[in-house]
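The next part holds the structures, each set out as structure tokens.
Both complexes shown next keep subunit A, but they swap its partner, so subunit B is in the first and subunit C is in the second.
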Partner chain A sequence: MIPARKPPMATSGIGPWFRQNMFNNIGNSIISILAVAFVLLSMFNLFTWVFTEGHWEVVWKNMRLFGVYTYPTDLLWRPLLAAAMTMGLVGLSAGLAQHDEDGGEIMRGVFWWFFALVAFLAVLGLIFWESVRFWWLIVAIVNIGGYYLGKAVPQLSRRLIWIWAIGIIAVFVVIAGVLPADSNPESAMRFVKTKNWGGFMLTLIISAFGIIVSFPLGIALALGRKSKLPVLKYFSIGFIEIVRGAPLIAWLFIASVFVPLLLDQSPDKVPGLYRVLAAVTLFSAAYMAENVRGGLAAVPNGQTEAAQALGLSAWQNTRMIVLPQALRAVIPAIVGQSIGLFKDTSLVFVVGLFDIFNVHKIVATQPEVLLIPGGIRLELSLLLVAVYWYFSFRMSIASRQLEKQLGVGER
Partner chain B sequence: MSAKSTNSQVVVEKIPFYRNVKIIGALAQIAFVVVFLLIVAFMVTNVLSALRKANIPADFSFLGRRAGIPISESPIRYNSQTDTYARAFFVGVLNTLKVSLVGVVLASILGVIIGVMRLSSNWILKQIATVYVEIVRNTPLAVQIIFWSLAVLLTIPPRSLHPIKLLGGGLYSNLGLALPWLFPSYRFAAWLPWLIAALVLGIVVYGYRRRQIIKSELPGNPWPLAILAFVLASAISYFIVAGGSQVPEKLLTTINDKSGVVQSFYDANDNGSKDSDEKFLAHAKVDISLKEGRMTAFTQSLTESKKLIYSEFRFPPILPSEYSKATVSFIDEEAANAEGLKIHFYDEPNRGVVYKDLNSNGKFDRGEEVFDKDGKTTGYSAKLALDIEDFHRQVVTDRDGNARVPRFKHITDDTKKAVESGPSSLFGGPAATTNADIKELQFTVNPEKTGPLVLSKPSIPISQYSGGMSFSASYLGLLLALVIYTASFISELVRAGIMAVPKGQTEASKAVGLNGLQTFNLIVFPQALRIIMPPMISQFLNLTKNSSLGVLAGFAEIVVIANIIGNQTGANVPTNILIIGSYLTISFAFSIIMNIVNAKMAIVER
Partner chain C sequence: MKKLITLLAILGITFATVGVAQTSLLDEIKVRGTLVCGVSTGLAGFTDVNSDGSFSGFDVDFCRAIAAAVLGDAKAVEFRQLSSQERFVAVQTGEVDVLVRNTTWTSSRDTDVGLNFSPTTFYDGQGFMARNDSGIETLADLEGRRICVQSGTTTELNLADVLGALNIGFTPVVFEDSDVIYNTYDEGGCDAVTTDKSGLVSRRTSLNDPSAHSILAATISKEPLAPSVLDGDDVWSDAVSWVVYGLITAEEFGVTSANVESVAMETINPSLKKMLNDEGGIVSQIGLRSDGLFQAIKQVGNYAEIYNRNLGPDTPFNVPRGLNSLYTNGGILYAPPLR
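Coming up: the complex of A and B.
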């Protein structure tokens, strides 16, 4: 008779999981123990520092600077109204996407991620921030309201692009104001000068403007680069390669020097924001063009040939056949580029704008902060890391999900 | 065939000119050129008129003028008093290249490690790598530079008089990192022909071995023998040159006993002293000795690594091997005794704390540091003296022919006694100056015999590094941020590249009997490298371009120096053109490298 063999080792459960994944041989076991010790030690140090030593009260006191910089205090409801409209549009789009077969799940994830932040801020607002007490709650309600509206009324999806267009203009009007400041200084809708815009609001404005405006420019440059007309082609190539050849910070310096000169104005007449927007948009357009070019190359030649066989003109072929397919393929790349631009807006300090990154310098050099031994650069940089990360991380996940769904890179 | 062409001929003739694609294209291009030129002309006239109005210089003539910009670190000799703006800008370019090249190497190494970690079978390693990548990639580089340079490197490390001593003689403090370094001395020129000969020998051996291996049709590698030949030949010639060398008679050294600056120079006219037309000599080894001398220091309360330290004194660090006897005492011994002050050493005789033995257990306990009477920590200090006997140190002068030793003072009976009695001279107030401080010290400085290369070890005589190769804290902060940021992108490339190697390759290599390491080194990684290299080079370019954020760390690279020049001269337009020009040149160089690599990496198809 064959003697009974030992039962095979268990492969499920906690013990076997550890054995397989962390302690499968001596070398790995040593590495695992060291790594666990490293993680525990750094976690312990970080948390002790964050909860016992960090001077967070300074950060907390300056939340308004981080949010909107020196935007007039009596008008704080306006950026928040703009935030409500934006978040409403985001919610609406996410809700409408639930009717699609493919995009729904990704948009849902993004929506809840950002709703969590808004809801958190709503709670903070209710408890601590007197000046904007109910506004954050309104933002949260509009956000989730938009989501369920979109879920309930799928017909809106046909008009979504127009709703967005109107919404963006409205957001701009609300933030900038409509009435000249000298007509009535107390007016609720008076102009707010761009030098008072700042904080995270400005970060979002610059990234949104840059990515939206650079989109058509980038498509034009990409088509120009593929064009058979030599002038267009070499102009596009020259523009793209020169812009991509130097770092954004150099272009920002150039914009701050050249834009007033180009318009033959004295430098103080051209607000820094306009110079930044010009530089950021053109810079982003060059990168956008390269992304779109990748998409154009991914559209098989047969598509163009089939369109020609059907009698479509070159323009119709580009607009109705090639571009829709090309752009669809480059959505992940464009999301990636948006993240990059969002991170790069931190460079506008060179023009003297006070986005959230540059605000940290003001806070770090406040007189009472200078008395704190060692300063509070660590606290401030951790805050910035948290803010930028919260937005970029979720978008980069979405970009990867889109990539997977579109099957890019799987052919 | 011919029928077809006549057909198309007919079709072309039927198209009216306004629908002819070629004509439309040509017209569109002409229109584009016209509009483009109009816009350019409009802009140029605007710029020119604005420049005239604001009286801004628009040419590059300023480059020849004297700069007067102090640049704290420069890979080449730079003198802000005599050198031109052109040279200052060149220093910026070199600084950019210095941080980029080192950054590229370190980022590749870290990137490969992280990339491999992300594919590791060890769960916890994989998680650490993933968290690293997800945090670093999703945070702006600007924030990371602030984090590393201002939040970590500038606040955490100890002050310059209390450096961390690294293995092998390196020092680390808030001045930055200083490493022992080999420099070519004045004997190097004598060795150079030998070195070239050794190189030629290496090449000859390589060629010979190569031919031999090809002939023998056996596997082999010509490199080891060639390298061995080169190393042996250069080492032997080094010792020949070093052994025959004498200290040149015209090499002289001087010391300024007030500032502690040692200088080495060629005494061209044999008058025994340094004249203005005589050249300093870089990297000469100098032996310095001093019979007896004194250094003074105040105790102070300071913040270090975010901790408050009370009543500590620090002398410029001196090693035990450098003296025969060193004693630390209160300058005003009587007053100190009256107050019951004692000295506790952390690092005798360089560093310690002044305390009162409150619980009279005979030793220092925390809390016994001497505080001010009203509990504040400012303005309370005791003056201490470090008396040293038979001090001697070997220093290597830097590329400007300078080296520094601690600032010693002359000891006389005056200084040995109390300067003035009473607590006012012991605590606070300016240091009492006596005639003794001004008298000359009896230093002897002698140039030492050196080989073609001379090892220079860093020290901190007076609030800056002397000797060795030093890297400033701003350079380190920028480098660290760039490396960590870029490595997160490189690691993703490495991961994707390794994952793209078909599994069959691994299986086949296992079947052939290679072990895990061999499989990775010989089969998987070389194939992955083909996929990784092209995007990796564009990451290298990104790193180089991102070094323009050096302004945040205070590192003097292209953009920083160009902007200083622009602000000084008002020539902002030309300096910005210089910035763009330099980066475009660098990008162009990278794209040439990229093309070469792509050609090399391309799979040769049959």
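Coming up: the complex of A and C.
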């Protein structure tokens, strides 16, 4: 009879994984222990600091500046109404996406990510923020209401693009107000100059506008660059190369300092924000064009030839054969660029606008803040990291999901 | 040919616009009912944005005083925050009526840039801050030391010029961001730090141990900070200037926001009668409201009140008056007579 032997060592599971990967010899064991100790110690110190030493009351007091900066106090409901409308649109789109063949997993994820934030703010608002007590709750309700409306009424998806178009215009009108400026200084829908827009609201406006508008512009420029029409081709090449030849901050300078001098005597006619939006969008479009061109180059010629053989027109070929494949190949690059643009909005300080990043500098030099030994730079930096991370990270996730869904790298 | 005509037409229109009869900005502001005032993007004590979104500070109060004097309401100001790069363009293009943005009055800005400066509201100057235990007390002690300075500023150039002329060798430690400079200094990354003295004073409060640092007595540059308006509009420039002079005169005569009403009623001093009651039309002829200076003092305060509210002993900054005292107290604030 064969004597019973010990079972072989397990090779899967948590224990064996650690044994094989972190403690497989003495050297690695020491490194593992030291690394874990270091991480634990830093985390412990960070949390101790965050919860016992950080001067969060100052940050907390300035939440309004971080949100909308100097937007008039009595009109705070307007940015919040705009937020409600935007969140409603996001919810609606996510709800409608649930009827798509792919199951709308990506949109659902984005929606819940936003909803988590909005619901969190709604709770904070109910408890602490008297001036905007119910508005954040309304935002949250509209957000989730939109989602279930979309789920319940799939027919709306045919009109979704129009709903978005009208919604964006409405959001703009709500934030900007209605002309003329000086009709009544107390009126609820009075005009608010773009110089008074700021904080995270401005960050979102600039980055959303830049990302959305530069996408079609970039595709157009990329196609233009590959076009056989010389005017189109050389215009596209010239535009792309000139714009990419200088850093964004230089273009913002030009937009803010030269344009008003060249155009006319009163820059109020083209406020700083619009000049910034134009500069950011055109800059982003040039980079987008090069990304898309990379994708276009990756589509084999055989695809075009096959399309021609089937009798597709040049436009049909581009729209249905070449572009879908080209864009699919460059999703990571496009998302990467969008994340970059989202963070580059902090450069708008050159035109005296205050996005969330520049608001933190203002807060850091308030007289009462200067009385705090060592200042509150660390607290403010952590807040910025948290805010930027929350959105950038979500963009990354969406990008990975999209790649997986489209099978990038699998064919 | 067609192109040429178009070009000429554009040029014609441009010149036609430029050639429109000059009316003073002062009248335009009165019609508009608000003053657009260019202030800093944030300089502690001079332009602060409070947590409720309101503005305060030394420069901000001068904007308010001008608004009170021209429009009768210190709140009728629209603040426009300007970066240092765009501030002059904002004046040149008329985006702001007046620039009160810790701007140093220099010859090139007065002539080439095309500004017209009003009297200095704050005499500043570049100085140094060092640790008490570093043994640095005079400029000569800076020999061989590391000095933190902001890159691309006149401060950096001054430092090199002045210490170079005195044959004092030093190592500049240059940073773009002022937060980084003071962090580095606080952590011992440099032995001394240099910028305008008002800036040093305000920054000292946020160091880990403010009492361990002192500001050297030496001043190596003149930085008169003055409001400015666009060149070529003397009416408006005069109005701004005399608001500043009025606030200094008010301090000289002890007129404050608290007592201005009773002084205006009871005074027998002819100068005060002219200033507060517009006797002889002295205030009106400046182009201000007849009760303009009265309103500015009542709603904002005299020079000393503005100074103390924003930079005085009760603030974190506690900047000594120094040169910014009245000429009767050893300073150089001297307003010409209102008569």
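Here, the second predicted complex is superposed on the first by the 348 of 411 C-alpha atoms of A that agree within 3 Å, B and C clash if a C-alpha of one lies under 4 Å from a C-alpha of the other, contacts with A are read in each partner's own complex, and residues count from 1 in each chain.
To be clear about the criterion, a residue touches a chain if its C-beta (ideal position, glycine included) is under 8 Å from a C-beta of that chain, and two chains touch if they have at least 3 such contacts.
Worth saying up front: this structure is predicted, and the values here are computed from it rather than measured.
Placing subunit B and subunit C on a common subunit A by superposition gives a clash between them. By the touch criterion defined above, A:Gly374 reaches both subunit B and subunit C.
Of the two partner chains, subunit B is the only one touched by A:Leu232; subunit C is not.
In the superposed pair of complexes, A:Phe393 makes contact with subunit B only, with no contact to subunit C.
Of the two partner chains placed by the overlay, neither subunit B nor subunit C lies in contact with A:Ala188. Taking subunit A as the reference, the larger set of touched residues comes from B, when subunit B and subunit C are compared. Legend: residue contacts after superposition of the two complexes on their common chain; A:Pro260 is shown touching both subunit B and subunit C. Residue contacts after overlaying the shared chain place A:Leu65 against subunit C, while subunit B stays out of touching range.
In the superposed model, A:Ile166 lies in contact with neither subunit B nor subunit C. With both structures placed on the common chain, the touch criterion links A:Ser346 to subunit B but leaves subunit C unconnected.
Of 99-107, 117-125, 135-143 or 171-179, the subunit B stretch that intrudes into subunit C once chain A is superposed is 171-179 (criterion: clashing C-alpha atoms).
The contact surfaces that subunit B and subunit C form on subunit A in the two complexes overlap at residues 253, 257, 260-261, 264-266, 349-350, 373-375, 377.
Interface residues of subunit B, counted against subunit A in their complex, comprise 25, 28-29, 32-33, 36, 43, 46-47, 49-51, 54, 121-125, 128, 134-135, 137-144, 146-147, 150-152, 155, 303, 305-308, 545-546, 548-549, 551, 559, 563, 566, 572-573, 576, 579-580, 583-584, 587-588.
Across the interface of their complex, subunit C is touched by residues 61-62, 64-65, 69-73, 182, 193, 195, 253, 256-257, 260-261, 264-268, 349-352, 354, 358, 361-375, 377 of subunit A. Remark: subunit C residues 17, 32-33, 41-45, 48-53, 78, 80-83, 85-86, 89-90, 92-95, 179, 183, 186, 202-203, 205-210, 315-317 touch subunit A in the complex.
Listed in rising order, the residues of subunit A touching subunit B in the complex are 21-22, 24, 28, 31-32, 35-36, 38-39, 53, 228-232, 235, 241-242, 244-247, 249-250, 253-254, 257-258, 260-266, 339, 343-344, 346-347, 349-350, 357, 360, 373-375, 377-378, 380-382, 384-385, 388-389, 392-393, 396.
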